[in-house]
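Once you scroll down, you'll see the structures, which are given as structure tokens.
Both complexes shown next keep chain A, but they swap its partner, so chain B is in the first and chain C is in the second.
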Partner chain A sequence: MTVKTLTVVRDLLATNRQAAAAIREELRGRGILAVNLLSSPGSGKTTLLEALADRFRDRYRLAVIEGDIETERDAERVRAKGVPAWQITTGGACHLEAKMIGQVLDRIPADIDFLFIENVGNLVCPASYDLGEQVRLVLLSSPEGDDKPAKYPQAFLSADALVLTKTDLLPYLPFDPARAAAEARTIKPGLPVFAVSALRGEGLDELVAYLAGALERLRSGRA
Partner chain B sequence: MHELSLVASIFEIIEAEAAKHGAARVISVTLKVGVLSGAVPDLLVSAFEAYRQGTRAEGSRLDVVAVPIRLRCPDCGGSTVREDADFSCAACGSRRVEIVEGRELLVERIELETDDA
Partner chain C sequence: MTVKTLTVVRDLLATNRQAAAAIREELRGRGILAVNLLSSPGSGKTTLLEALADRFRDRYRLAVIEGDIETERDAERVRAKGVPAWQITTGGACHLEAKMIGQVLDRIPADIDFLFIENVGNLVCPASYDLGEQVRLVLLSSPEGDDKPAKYPQAFLSADALVLTKTDLLPYLPFDPARAAAEARTIKPGLPVFAVSALRGEGLDELVAYLAGALERLRSGRA
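Right, the complex of A and B next:
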């Protein structure tokens, strides 16, 4: 009987990272921009997707992957907008992983422009899992409070842009968009911030322009 | 709160190593967990204890080494260690810092009991 001590240094997220890299490469080859949406539950991810579906209708084709612990509800809402949607029910898991996206990827139409991935509503765990996206949007709704960035630094640190949602409620809440943006930028300097009301269609033009620009850069090989 | 799925990944790694080295028993596993990794050391230990039942790691110990955030400043070249998410250089206050450590989720060491001499 001997005791062996092995120095292994193995990354627990390496398998996910490799799967994500393969997805990113495949989508780049197909000229599709993948956008991963992160937020807490009820901050307006699906409503934002419905609003973007309306805005994009004439110019771009979209597909959506919905991640939820249970139910097809979100996918049904998006399909009602004429957008093909696939629901991944994680059955309890708190986040999507790259291999789950990989399993759906073959069914995504080849001629789409944007693939939106709505992650499980959770501001903690999804931040650690790369899904092969080009753009990660973190949503923060006005009822949640403008003090959230410092409480969930990983989510904001990993984001490419912050979307402040439900701005139509600002008259009724102590939420200060400037404070939320400033706090997020202490974590991630220069983070682009968009303030939108998906319900009223306000502030969406800037977000649409940002996403269209990212698609343009991907296709011209600059991303 | 995905510590159980992280522990499943730990077991894939230790099972593979134990099989490779013909080990009947795992004595201990050392993990490095960054403050920014999103994983909670205590929850990892609880999940590990639940998961090890009936495996060759039953009775083994999980040592979690917490890794603080280490920042490198491109402006002044300084290095800063932080326990929480304050991403500024302690020397010059710059926020353009690069995160060098603190995101780790690594199995660093495995201690095995083998039959060979």
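Right, the complex of A and C next:
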């Protein structure tokens, strides 16, 4: 990149950080925990949200912001679960930015507990953009291979927890969850790892407890 | 994006197009067919290259340029097949650019037939960067879901052919290859589609014939 380009990118990131800080402050004031979901296309972000909607139904109120380059498909899937969802179509842009979230924020019901933000399917660019979330989850699905953390380090370094998805496919794949977890922890020591099959509802209890704990810490002023 | 940012991006793309045109001309002069592989992380680009190395061994000479953010892993896998490979680690950048290919080009043996370029795993950004290839393949693996073409249209619009990978997993997934192909052809009418399992060596004959045909057209001056 040229010096000029580098400067513009740095300006963009600085502007984004400011917008993200304002969003984080506003959500904290409202007592809402925002969770940013990052992964490759097709790692199961929307399917995980559908499963969490079922698990959370009796205890928490959710809202979802969906980021995609094109289509309303993911928002429609989430709405079918009775969860209010806003679709942001970036029209080509490879990641969500904080200002996009800011434009939707006023329409989010005041009484929700969790705001899930499903980023554009991309294991690279979204890692550089803080959206004002409290918790960043990176998803890695078993068909993608257990060699991915070292190849896409920023996504794993910037995450608060790793969710290994599609564990129902493990019998048919060379994927080793322990190897994936170990490699991710080489990049980010102590990273919490959850292995789930959203399709079969397996492994979700631990993830639900983790998110509920983060919400409790936010509301008690400990996060 | 601001006007300034848009201008810088436009300048970058214009500079890239010029570099790509020069590479395409040089490769045409050498009679080498360059193939650019685009997909999400973990869609099976390297495994497809390993399978093609086996298929092409008796008839053609290959070389490979591997693009990754970090690690030499993919180049090592290709070299283990006896194919010369150069690893470009972008150190954070989400796509390869033509100038990166240009820097490697002089080291590519003069007598090869195919130069495969495995792009950074990312279904978004690499679509905007011409690398001077003659053929662009976009890969979509069955676990990613058959709803992806409309959500990532630029990758499919810019491709010369679609390769549906990991067909060995079809019995365990809701993926419908016909639906994926139809959706991709809504974006790009007439797009050739190949369904393969590189792991099992299934469906590769058609893809090999397609690539051999493209090489023949290049050398007879028809492409």
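Operating definition for what follows: the second predicted complex is superposed on the first by the 211 of 223 C-alpha atoms of A that agree within 3 Å, B and C clash if a C-alpha of one lies under 4 Å from a C-alpha of the other, contacts with A are read in each partner's own complex, and residues count from 1 in each chain.
The rule is simple: a contact is a pair of C-beta atoms (placed from the backbone, for glycine too) under 8 Å apart; a residue touches a chain by one contact, two chains touch by 3 or more.
Because the structure is a prediction, the values reported are computed rather than measured.
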A:P41 touches, of chain B and chain C: first, second, both or neither? second
Which partner, chain B or chain C, touches more chain A residues: C
Which of chain B and chain C A:P153 touches, first, second, both or neither: both
Which superposed partner A:V208 touches (first chain B, second chain C, both, neither): neither
Partner chain in contact with A:L13 - chain B first, chain C second, else both or neither: first
Touched partner set for A:L170, first chain B, second chain C, both or neither: neither
Partner chain in contact with A:C94 - chain B first, chain C second, else both or neither: both
First, second, both or neither for A:E144, with chain B first and chain C second: second
Contacts of A:V104 with chain B and chain C, given as first, second, both or neither: neither
Common interface residues of chain A - those touching chain B in one complex and chain C in the other: 4-5, 8, 12, 94, 124-125, 150, 153-154
Of all residues in chain A, those that touch chain B in their complex: 1-13, 15, 93-95, 124-125, 127-128, 150, 153-154, 157, 186-187, 189
Interfacial residue positions of chain C with respect to chain A in the complex: 4-5, 8, 12, 40-42, 68-71, 73, 92, 94, 120-125, 141, 143-145, 147-148, 150-154, 166, 168-169, 172-173
Residues on chain B engaged by chain A in the complex (per definition of touch): 1-2, 5-6, 9-10, 13, 17, 21, 23, 27, 36-39, 85, 87-88, 95-96, 99, 104-117
